[in-house]
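The following pair of complexes shares a single chain, chain A, combined with chain B in the former and chain C in the latter.
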Partner chain A sequence: MSLIDMNKHEMITGEWDNRSIDGRIGDIVLDPNRHLEAKLPGLLGKLLPQNMRSPWFVMAGIGFVFVNILLLCVTILVLTGIGVWGNNQPVGWGFDIINFVWWIGIGHAGTLISAILLLLRNQWRNSINRFAEAMTIFAVMCAGMYPLLHTGRPWVAYWLFPYPNVMALWPQFRSPLIWDVFAVSTYFTVSLLFWYVGMIPDFATLRDRATSAIPRHVFGMLALGWTGSAKAWHRYMHASIMLAGLSAPLVLSVHSIVSFDFAMAIVPGWNTTIFPPYFVAGAVFAGFAMVIMFSIPIRKWYRLEDFITMKHFDWMAKVMLATGLIVAYGYMMETFYGWYSGQSAEMALLYNRGNLANTPYSWAFYSLILFNVVIPNFLWIPKVRQNLTALFWISLSVNIGMWFERYVIIPISLSRDYLPSSFGYYTPTIVDFGMFFGTIGFFVFMMFLFIRFLPMINMFEIKELWHHMSHHKEHGHDVVATGEAH
Partner chain B sequence: MAQIFKPAMNTVCTVSIFVGAVVPFAILFTGSRITRGPLNTKVENPLDQPAPFSHKHHAYELGLDCRFCHTGVEDNAQAGLPATEVCMTCHSQIWTNSPNLEAIRKSWESNTPIQWNKVNTVPDFVYFNHSIHVARGIVCNNCHGPVNKMPMTWKGEDFRMMWCLECHKDPSKYLYKDDAHPELTPKQQVFNFYKKLAAGDPLTPEEQELADGLPQLVPPDKTHEGVALMKERGINVKQLKDCYICHH
Partner chain C sequence: MSETTVQTTRINKTCMTLGGVALVAGIILALVGAMSGGGDPHAFQHGYFFGWTYWACMAFGCFGVSLLHHAARGHWGFPVVRIFEAGGGPITLAVFFAALIPVIFGWREIFYPWADAARVAVDPVLQHRAPYFGGFFAIRYVIYAGVFILLSLLNQNWLRQEERTGDDRWWKKRQYWGGLFLVVYVILTNFMWTDWMMSMYDHWYSTIYGVWIMVGSALLAFAFTGIVLGTQYDKVPYKGVVVPWLTKDIGNWMLTFTMVWAYFSLSQYLIIWSGNLPEFTKYFIDRSLNGWIYVGWSLIVIHFFVPFISLLSPTVKRQPWRLALVGAWILFVRLIDVWFVVTPTWKTSIGINAVDIGMFLFFGGVWMLLFGWRLAQAPLITTMTPRLKEAVDHA
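And now, the complex of A and B:
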């Protein structure tokens, strides 16, 4: 049976055993020459949350400062109203929606890695999926904040949901904004469940290793009485596959629906059919950039070189490059459609984006091209993909570029649409900036809380790999050949 | 290794699945019942007033016309509360020493209006207009409950948007017409109803229900009459459901 047939067979029957581990991947994630001699507890000791110390305090502290800035800005916003933001006619959507779309996009790598790569049996994901999923959760939290606060009265945000209310009103089901509510809340729920279920065996490990009563009880409850029996593993695998099956379409649907917020409107530059695929590609692009940006320092600080290898970076960079090219294609097509439509409003938009001398926003468009199209193309060079410093800066460039993409889409289109008498300019305020950097701080803070208190790398999957490899060494098999022998 | 939890926790866990599924809904349901109940809406909850004014006595037993005090009801958005002078039309002559009227006399002497406690309110963003409702033949009792039976005034209905829309979606069920007096205009029909009440004239079952505070419902077999009445009075139902009808 070929490897692909085997995977299909397992996906249908749910039979999942060590055969499915591709020996070559094990080779990459855990170097057998280095680790088979080492003791498993020593290896896993590196992964225990309590060992994630310095510079944990510094990073969480920086994050905490920005969380407080965020809280301050939100307080000002709620007490005063959304007039403290720069949004005003004709630009009704400003930083809030830009940041919303940006954060939702960043979350997408987590779901792609955890769900789609799980279903496709790409075992290399094992050492990065846990924190990529955590990124999804925290990025969606950051994203969700913006539309909720944009309503102006977040305490009645439950009005967004269809329920039999005393106003006898239902949400406007024909509006993409209500689709957003469903898409994002489904996305958050499924991601959270997937993340939690994936951690149950590791919670059991932490429970068993806990030295004091409180963590033992907390992790004991979180582990849901995990015994590690064959039955428990069987159920666990079924739950994982089911949740992965639920999440996989979400990777595509969530950002498609977010793009409908624009694509369904008649504003020039928004009303384009290419938006859904190019938003999804952009989301994966930005998401992988964030995963790379996060894993480079973490790997160095906590000496995780054995788990997050250069091969991981190489593959992630390739995914980033591929999605980046799709996004670049999207920009080309957007421009082409604008020209091909022959509509004066669309042509005027192209002029507004492209003319450096006479239009207020062209700097944003050229920054976008630089950060999102020019710089990522350096990833074609293998040496750049192997250079972590270069990779870090390119990822940062991609994240900035993806932010500019939303900036180009939202204020440029809104500030100059059909009515010249209503042309305007968008200037963000200090509260806008405070909230933007505040959510970044919130994200950093949550991520560092996460690596300090929960297992950042999937311990049981590493154990499984270790077992698999040592087993084969004892029996004198060649690790590479086993995957193909079955 | 010692077990952290006792075996009984297995049962607790199993039960908690069901509890977790049911309790949030139970909480939401209970919450919605409470917010929609009289505790929150103040329906049938008489308020204390500076002077214990009885609609039952004045409007029903004595037969005063609603418009005698609520002068704005025919032409204005607000029905209006009577000035102290209106009260003193009679009470400068009768019950001049009644302790119940102390607040009225004080207001009269000091030339300051009486601060009545508001029973019926709608939010600021709702522009309710009395005159059009009266002009199309919506009887006071339809919205204000059995005013003719109120010793102290209470809120007859909850005034939730859901309740407003109940009629705005299909007013044909709530329009009043006294078949014995077809010559009266819709507005005259409204006040004729209270005249009939005060005079003790025999009432049809629907009229009796209206007097008891149940919004008049045209029986199912007479739906066509309500629809005809709606057409006759020029009520455009489609327009009634537009947002701007109440939220300008």
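And now, the complex of A and C:
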């Protein structure tokens, strides 16, 4: 029996051994034995925007409650000023920047899955790229709120852009904070465009399948007159590749620039050259964790087992493990070179992070190590990668750990820098917590709105895979390795 | 004699000839250079370390890339894994580890401020690091050498067993352990370059330095592989195996590592420039005076833009001889980069002398001889690897 034959059932169920893991990836998304028997429209029916089921109401409802908490907190903040946050000297950056970096990181998996895997012709991305891209959009929205509100006067945030004005205002281009404005706004624009362009053929399908006037008109407008002609497809594929080419460097540049926000400063623990790659790896780490966390329940609730298979989880877990190891390497380098430097401020920082008995924040550092280094290393075990419950909790651990990473970087360094006379302690307020959980609610709410109104799995790419499979079956070939050959 | 063995012998002869000529030429040049002096009392030692560094990067790079292949299980690696194995196998690694002994034990006062008791006595930072650079320094050397040679030996044995028996448990074994071996390699390599190169500065350090050198080493390994493929694509046993997807994959690896090298270099420079702290800027000040800055500027063009733009082109990656040209260019620019990283540490004025060239040729000769010899020990293509067929089908 060939590796491929052995793999056909196991890929759906997750009951594979090492041999089947190495089977060809053309079989990942669709099982030729079962899905070619089914009619394509029936198969695609599962991918249409999902009807409201009880989990939808629960999750969207919880999300909506927290959106309101977010709105309340933002209102208090705008009316009162950012003094309602816990930020104060010497910790000028608190939850706002921690959450900003955390959310931006989460957004990275979408672009990585969509753009980089598209460029690498890895079609295993097909089932997960659409909602990963949606995550990017909503996560960047959550991220963008924080620096915007941190300006104190968000209504004049446009001053951050260089434009001719009578006030002689001009941004300080040497500041990485200004680079951030351009990096994040570019990232958001390109991600949105990529997401939208990716949905055009599916909008056309929804338009054609609509049974009432309003959806037909709305999806008709969104489909931009898509006819599905060969010429349209040709141009569409070119546009996708070009956007992917634009997006791929953005994955690196955005989080590198976010890391420069810290690394350019001479605060102890910040001015370190490993920051850019280690931030990028951390972003992918957190992003994949969120994709896994989200897709496990969604897969179950909407019966998407045929499309999001155990092999997807296995690969996503491996990416998470690999990036987690890079992040752990970053922690190791920070710690070792902190000691190696022989600088009193750097060594004091190590003391502040590591001494459980005499420092106020060491609990955060050890939580970080537990959540981000110890627990994710269970992913080395294949059985853990195939256990969705374990995978869910490990992904949650990674997201908590990545939040702690930013907590360790920001308040610990800022609260005790060079001058002992200005040492302080950072305490977040209820508004800080309200905004943090509010943005999580906003993210969940938006994701569930997306599931309700838009196809969360790429319909046209599934159609393409189905076509390849049936074509090859008709001609008596084995199923081709679509993931790599096309 | 099979066709595979014949072809292996032909490559082997070319490498042995090139290696032998380079070795002899290197010895002559180094001796001439050392005798003529030229104002640097330690010209021989400096040239020795420079030559060693470039070719040690090649050996460590080949070893690292072989681990990457075992861990990632990419199709790209099956037809070329023996090149990596021959370039960074246990004997090659052992020779290069042994060749470092004179530098780190014999001439350590010449290279390392922490070995100079007078400097340590007045420098609190060096005093702070003293326990790390005492006896532990030698222990670390033994650990690096022992672990690298052991891992390389294990992989080589598994590969040979696989070739001999055709049993797929051997390649599974390589893959199973590949991830862990790669983790060990990355960690040890970082500390290795910290010990042997970064610690030539008394205060300067950079947390990205180890992986930066590692990336440059991997780039060397892929560039050399590109040259082998480019010159052998129409000859057995590569005929029919070196197909566009393979050269494209190797080209993409070269492109990736070119970009990562540039990304790390820029990050390191930008962060140190922005921080503007005296203990960090020393490294770049040394590389911006007396003409060195022109080398630095030119690296942006020759080490990044030229290979980057060339490798963006699908045509270059599809045609083996063009890929070989880009590979040769990368070998050359890596030489400039290693010279720029290593030499200004002890040499304020820009320049290269006969010893530097001689030692570069000498160690190049040693590496080529070892490469040619090791390549002849097994078929060039691991024909029994079950996934090689997949890789060829994939074409």
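The rule we apply is simple: the second predicted complex is superposed on the first by the 449 of 486 C-alpha atoms of A that agree within 3 Å, B and C clash if a C-alpha of one lies under 4 Å from a C-alpha of the other, contacts with A are read in each partner's own complex, and residues count from 1 in each chain.
To be clear about the criterion, a residue touches a chain if its C-beta (ideal position, glycine included) is under 8 Å from a C-beta of that chain, and two chains touch if they have at least 3 such contacts.
Given the structure is predicted, the values throughout are model-derived calculations rather than measurements.
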Quiz item: chain B versus chain C on the shared chain A, clash or fit?
Solution: fit
Quiz prompt | Partner chain in contact with A:N271 - chain B first, chain C second, else both or neither | solution = second
Exercise. Would you sort A:R216 into first (chain B), second (chain C), both or neither based on which partner it touches?
Key: first
Quiz prompt | Which of chain B and chain C A:L224 touches, first, second, both or neither | solution = first
Exercise. Scan A:L325 for contacts with chain B and chain C and give back first, second, both or neither.
Key: second
Practice problem: Going by the touch definition up top, name the partner, chain B or chain C, that contacts more of chain A. | Solution: C
Quiz item: Is A:M333 contacted by the first partner chain B, the second partner chain C, both or neither?
Solution: second
Self-check item: chain B versus chain C as contact partner of A:A168, first or second or both or neither
Solution: first
Quiz prompt | Gap in Å between nearest CA atoms once chain C and chain B share a frame through chain A | solution = 23
Self-check item: Shared chain A contacts, counted only where both chain B and chain C touch the same residue
Solution: none
Quiz item: Hey, which residues of chain A end up touching chain B in the complex?
Solution: 165-169, 207-208, 216-217, 220, 224-225
Quiz prompt | Residue ranges of chain C in contact with chain A within the complex | solution = 73, 75, 124-126, 128-129, 132, 172, 176, 179-180, 183, 186-187, 190, 194, 203, 205-211, 263-264, 267-268, 270-272, 274-277, 279-280, 387, 390, 394
Quiz item: In their shared complex, at which residues does chain B touch chain A?
Solution: 1, 4-5, 9-10, 13, 35-36, 158, 160-162, 165-166
Quiz item: Okay, in this complex, where on chain A does chain C touch?
Solution: 18, 22, 24, 252, 256, 260, 263-266, 271-277, 325, 329, 332-334, 337, 340-343, 380, 481, 484-485
